[in-house]
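So, here come the structures, one by one.
In the two assemblies presented below, subunit A is common to both, partnered first by subunit B and then by subunit C.
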Partner chain A sequence: GGMLALAVLLLLLAAGPGRAAAGPGRDALREELLLSPLPNGDVAATFQFRTRWDADLPRGAVSHYRLFPKALGQLVAALGVRELHLTLTQGFWRTQAWGQPPLQAPSGAELWVWFQPTVTDVDKAWKELSNILSGIFCASLNFIDATNTVTPTASFKPLGLANGTDHDLLRYAVLPREVVCTENLTPWKKLLPCGSKAGLAVLLKAERLFHSSYHSQAVHIRPICRDASCLAVSWELRQTLTVVFDTFSSGQGKKDWSLFKMFSRTLTDACPLASQSKVYVDISPKNKEKELLEVTPPPTSVYEATVQGDKRTYAVYDLLSPSLFNTSRSLNVQFKWKRPEDSSEMPIPILHAQRYVSGYGLQTGEISTLIYNTHPYRAFPVILLETVPWYLRLYVHTLTIITKGKENKPSYIHYQPAQDRRRPHLLEMLIQLPANSNTKISIQFERALLKWTEYPPDPNHGFYVSSSVLSALVPSITAMKDVDVEESPLFTSLFPSADGSSYFVRLYTEPLLVNLPTPDFSMPYNVICLTCTVVAVCYGSFYNLLTRTFHVEEPSRGGLAKRLANIIRKFRGVPPL
Partner chain B sequence: MAATESGASWVRAAATLLLGCCGAALTSSVQDQAEQFFRSGHTNNWAVLVCTSRFWFNYRHVANTLSVYRSVKRLGIPDSHIVLMLADDMACNPRNPKPATVFSHKNMELNVYGDDVEVDYRSYEVTVENFLRVLTGRIPPSTPRSKRLLSDDRSNILIYMTGHGGNGFLKFQDSEEITNVELADAFEQMWQKRRYNELLFIIDTCQGASMYERFYSPNIMALASSQVGEDSLSHQPDLAIGVHLMDRYTFYVLEFLEEIHPASQTNMNDLFQVCPKSLCVSTPGHRTDLFRRDPQSVLITDFFGSVRKVEITRETISLDRDIPGFESKLPKDELATEPLKYAEQLPVAQIIHQKPKQKDWHPPGGFILGLWALIIIVFFKAYGIKHMKHVF
Partner chain C sequence: AAQFQLSVPVAVVFAPGSLPRDPLRPLPFRDVREMEIPVNVRTSVTSRYEMLYRSTTAQEEAALDAATAREAVAALHPLQDAALGSLTMYVVPETSPLLPQGINAYVGKHRSALVRAAGTLPALRSRLQQLTQVMSFTASSITAALSDRVPDGQPGPDARRNLKSSLGYEITFSLLNPDPKSHDVHWAIEDAVTRYVQPVLDKLSLVANFSVDSQILYYAVLGVTPRYDKESSSFLLSAHSLPHVINPVEARLGSSAASLYPVLNFLLYIPERSHSPLYIQDKDGAPVSTNAFHSPRWGGIVVYNVEAPASPQASLPLHVDVDMARVMEVFLAQLRLLFGLSREELPPEFLLESPGNEGLADWELDRLLWAHTVENIATVATTLTSLAQLLDKIGNIVIKDDVASEVYRAVASAQSAMDKLATGHLHSAFQASKEAATSSERAFFDPSLLHLLYFPDDQKFAIYVPLFLPMAVPILLSLAKIIRETRQKKKEPTKVD
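On to the complex of A and B.
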């Protein structure tokens, strides 16, 4: 008995230092950085900070916040939020040059929220939520109102635990005009447990992050399974930041990269509050050849996984392992290309899409979406969600979906027409994409004339139409093993996967910029018109009064044209001129 | 007799001593009171910094506002007490060759944007209505705290405005204007609601002095960069960025403020001397007749810095390391009876067979009713009334 107790005690002590999850706070932080070189020479860096809290937020009166930020915890508890996803993005992910994105977001600000079933007035809670978030993140999210909010009926299923999906509890809004700058990064960094003082967040310097072609930061809150049996709920907060540095393709630098060149900082230690802190570098060989990429210093381990249907190899640097900082105080991961890569082979993603506006003039136009399925033999369905503002009046009878020259009828279509100044158009369709095909969806619209007070201060810039959303279960070439969420890296576990044969992907198209008929607001033009009219009328009348004289005029016989016209009129029986 | 005389002299000496003491005490208390009269009685500081211009070529107005923001933060006012309104985004503008920076000196010497900036009202939110709502406090209930001016009757407020203006108005974002009468009335509302103790109003626009002509509430001091009929000029362009970086008046005010630290004793008279006509080309003006104290005794840090009241104590305060019974206060988590699961992301079968959402039933409108009435009338006119029994 005594020996058994001693053995148990020893075991507990041995297991102690490994995990920081125990303790009265019952929360844990994992941080991760994924560096992936992209096919055209650019580098994508994805930071993920995940705080998991084993508490039941909505029910318990929680007052002690340790790693989980209090601002977000109180928000979730007070407004009955079940899931919250907020992204702020600058730039656009170029799928054809960079490949399939791990996690894409539309340009501007996107907010979608699932509320708890106990919330009675969802619209009121939505409005309060967007106002509170606009204060926390210094973004103009208070412009989210009924004119740009929609309730999707098939897309945006919950990413966390759900025991029912009543779409009345879902709200989705995008602000495509929203700018992302340091004032949005600063409060995002302040939500991290270590701030920007230790760990991976020291690399987040605004001057380098915004000098890039794609910058996206996001906050995701959702309930997850506490353990494998999934009988209790934990709350997960993920803060992700994706940035693509394009120094090579814009001709300003070489293809070899290092952390110092990208971020002008190096890593010195892990966040002391983190239970796991790792850097993953994608060193997957292309075309089944030996490695083209060399990373220094040598990684602590190598990890292989199937991500998005591809077998990938990663070099892992574990910042918590004592051997990493033995030789030098700072970690500067460098990668060099072993031989110049022939630029011919750029892997084409299985699903990608484009959208554009066509037409001429300021009256009508056409929105066309092109979806490409490049899988050689598998067909799969995709849900397309389009939100169009009310001032572009869509004509649904002109909606055409053409695949391989023939018409393609969607299996499910939901259209909610817009009401002027009250709600936008919502178009949701489930379309089957045959293997190796292009699908073109086009719809015509007419532009409305706004009231003069509704124009923004810069109306000649144009008006934005937010990105369309494509949600699909893409069949994967290699079967994916089901792995434990806690053991696998964070970038593989955002979307819950049902089976290993396909992976879920959510793509966004480009936002559109459309000109509306705009009156000329310039003051000098109006003043000149008015003044000239007044002057012409007054001065002209006086001039006529003073100088005009009347004479009697003899009627003339008229010219040749008049005589011909009179002959024709005589034939018609009409009195002559 | 000698005893009484000595006694009387003692009494007299004591009396004079006492009187002397009282006199000294009185004068010191009077002096205290007088000093109190010259010292400001504020307990907190607020700043409202507004840039009203949009478009890339108005970069200098954003740089002006950010320089004042920077100085005010450096001297102690926290972000929670600053309402910063920028009408356009210059730092992450696609035309900015150095993203996430806003420079005030050419050759990119000083980045006034910094790494720790919180803009409360940005882009299209900077309107005359929002500005007046912030000042007067009549704000919709769902506005977050960082967007409110939560001042009280012991707050000193600094209001800085810059942009394009004219005689009696200031242009907001190229589409609307605020007049000096509206501004004066807003300040009067603030006075009547006791939303400020003292107010310093600085404006850097063309013909800026016209904006403070109409003030009529007490305890307001105003500074402007130019008189009526004069234009405020910009300072220097930067050839790499391609626009003018700062306005002259604010440039010299920034240089002046860089020398102030939280314990400075510099007063307002020095601020009035900043930027004489030789440097500024326009004539800066100021107005102090509504202000109760003498500008000589008003410290710069009364408005640009932040008051912190510190109480020193010599007692020992012990902090409990363990709060007993803490674990037991946490509610026990309810375990579900069967495992919870994640939702399916794309349930194709469920989506296809989804019933369309039942819309609320509305009674048919007038047109439909009229149409049906017409059909029925025509029917019975054509076929006669005896067919009614087939219908009912």
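On to the complex of A and C.
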């Protein structure tokens, strides 16, 4: 009896509810959590929820939604969006200490959208889109306007299906000042079919997520091939969330961690709508010879793959596998180091970058970007995208790119100068990075004086310059196999891989904070007060002079001053007054 | 002060042998009757019934020979004036077999009715008037339409029930499945929309634009925990707790991102396994037969109980296919209620033909148009009045040319709508009122007319306080001195005496 029931259960789970809905408009949900210990001891948790819908959205005919959120579907259909990428990030991914990020995003809000070729007025659609998104996600995306929007020509290629890449259909904007908090997380969670009621999303507890070194949530919508023949289009919505927990400081000096310690929750079930629900834990051995770490409970399986040019091993917990919850009702993945790790060397990522502002005073300055290629023998090109607000006037003739002491001529430059109050500077360059080198790119600028109404609240805080973007195909150390996107884990399948020998990396540098000459905003009022007081005093004395009647007064014994003067005169031996 | 005059052209056609004993004049003749509908002090509505009395033509006579009223009305339909708002009443003899016993009027699904002849003209007139009001507008329907827009109007008991007039509506059907672990619910919404909803909306497309969509929400729970009733071993949701049901659900529904039209929500709620079966109780504690309720101006909710499986060991989740015909019947009834088209408060001697698949008779559409036209004009009046108030408040506000032209257009369209109403051209009146509403809204919500863009005068004064205050000190001091001196002068003579 028990065996039979189990068999029935197994059968049911194999044909989970996500796959049961056959016919047109089929949709499926996959959820995934990737836990990876970072080189310096922190832990990164990357959630991915992927809704795939086999329907043609932009036709407008489809208006019946099941797993795909209606709000986003209507937006895509109404505004002719082909691809939408929105990230909201708090904190900065420290590439040097944490290694290559699975999905990096610039701090603040980043939005880039490819529109359909049928959209006639792209700027209007872009404006409308950013306003609606700001309503959906409670973010200040409505501050996206012509002064911070650019149309890159090389950096942001469509990630999904695309025929023809006319750059006029692309818009890109970053709001580095945007602060991400709970009010942005709640609408994001609401888009998940299971909300935060079941599945991996139960771990998404705001108070823990924002008690972290890095928090980045994203929404990616793109068209993908429905099957291998690619005759029909499906739409994919990926909701990703990356958090980095500082386990070292919260774990009393130990680098051990568990789901409960990080999220103060454990997993009890998979989202019943998901056709796949997995937890991956990165257990790649650092040194080949000895196993240092231990995960409990024992994983359902072990998955090996080449991710970002590195061979990696993952412990996999399949939440849909009934054996997982046999022994205990909840899953609390625990990670232990067997003996204190000798914190000797941290692996240096092949590509990383830094950026800073130099110079003194409030008139001129210099933006310098340092790009490192630590690959021992391979050179590769990188596309650098800089967007600088108009109030920093770039001197393009001062642009210098120096590698190993010699000037490095970029093979492609696209520069769009700023127009005051109309559009920002856009600088795109394709730079060849020689093996084992660092490249310094510097450009000087002058600070503009703003009108007094253009200063934001708290102008002395400074003005943000958004991160510059590095896109590169980084040569892989170990060869990668071509994998089927539908079968491989989600964390490997957002960016299309070109071939087996290299992998795509997009890096963001630090956002910059630049001080502009800021006037004393209380000065006008001070001037008004001062002049008014002077005028009033003059007026008062004139008034008194004109209205008082004067008459001669009989000399009296005199006041205090006179008596004092007489005392002094007495001492001096002079006759009193 | 708005003076509405609503004219309804009515053709009264006498079948042979139905003429009252005391006709005013020989047929055909015209007769106009006016009626005042009191709304409030500033608004008055005059309804004007333009009756054209005539006798039947040969064709109409042949059509009236049909066996049943239904067939007769159907045969008469191609012979009538098809204009919106105009009505045709066929007076049949008192002994006519077309109308069943005790029924005095039969209202067809288009714009015509059969009326049983009354002996005298006044008796017939009162019957005709009652019928005309049913088929066009009543005092209460007009007052309800005006209640929101006209300042200090007294809202009636059901004044706030009907939807506000708008250029478009979004209809959203949502399936709420709070327990996807136990219920795997499927609904053939696409098919149900084309089969049941689309015919109604095609009919209503004259009134507004409609868009329909649907979604499925999982883990969406009602805000109220139902009470367990041991007797019936079911869960009960009492009427007084229903207001608390909607709010938590509303947060999940999500507003429509791409349009600004009001949303009508129709929710199908599948209770959790641990809370089913779930029944809604009315105020008296009796179960509601439809197991549904509606919220004015918001939408409706239907609770759909899933039958418990025969064997408790049945595997979960249960596959549930929703019976869409049953659900859509309730939703369409709720849709009619939301538009204020209930058929309840009719006199018992009136028989209405069922509107069939379209869900809406032509004269019901007219009723909607009458009410919405009046409401639109009233909206335009209030919008422009508040715009004028704003301009009065800020003297130096800048009115751009396009805003001015929108205001002129709104006034002209509203005027033309009033004229068209007075002459009985309902369709063009409604179109004009829609244009007027659009123009006035566009003028009112123009970004250049933002109140905050203008520097308020009281703050200007605050800036000059540092000037005025020290200047006031010597003036006030000398004033005080003058007062003191005059007082002393008054006192001094009494001292001398």
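One rule holds for everything that comes next: the second predicted complex is superposed on the first by the 492 of 577 C-alpha atoms of A that agree within 3 Å, B and C clash if a C-alpha of one lies under 4 Å from a C-alpha of the other, contacts with A are read in each partner's own complex, and residues count from 1 in each chain.
As a convention for this text, contacts are C-beta pairs under 8 Å (C-beta built on N, C-alpha and C of every residue); 3 or more make two chains touch, one makes a residue touch a chain.
The structure displayed is predicted, hence computed values, not measured ones.
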First, second, both or neither for A:71, with subunit B first and subunit C second: second
Which superposed partner A:472 touches (first subunit B, second subunit C, both, neither): first
Touched partner set for A:320, first subunit B, second subunit C, both or neither: neither
First (subunit B), second (subunit C), both or neither touched by A:225: first
Subunit A residues touched - subunit C or subunit B, whichever exceeds: B
Partner chain(s) touched by A:136 [first = subunit B, second = subunit C, both, neither]: both
First (subunit B), second (subunit C), both or neither touched by A:119: neither
Touching both subunit B and subunit C, residues of subunit A: 64, 132, 135-136
Of all residues in subunit B, those that touch subunit A in their complex: 54-55, 89, 91-92, 98-101, 113-120, 122-125, 142-147, 173-175, 326-327, 330-331, 333-336, 339-348, 351-352, 354, 356-357
Of all residues in subunit C, those that touch subunit A in their complex: 172, 180-181, 184, 186, 189-190, 193, 211-216, 218-219, 251-252, 254-259, 313, 315, 317, 463-464, 466-467, 469-471, 473-475, 478
Residue numbers on subunit A that touch subunit C, as the complex places them: 5, 8-9, 12, 17, 20-21, 63-67, 69-72, 74-75, 77-79, 132, 135-136, 190, 193-195, 197-198, 269, 272-273, 525, 528-529, 532-533, 535-537, 539-540, 543-544, 547
Touching residues on subunit A, where the partner in the complex is subunit B: 24, 54-56, 59-61, 64, 90, 127-128, 131-132, 134-136, 138-140, 142-143, 153-154, 157-163, 165, 177, 179-183, 186-187, 205-207, 209-211, 225, 229-233, 381, 383, 411-412, 414, 430, 456-458, 471-473, 495-496, 498, 504, 521
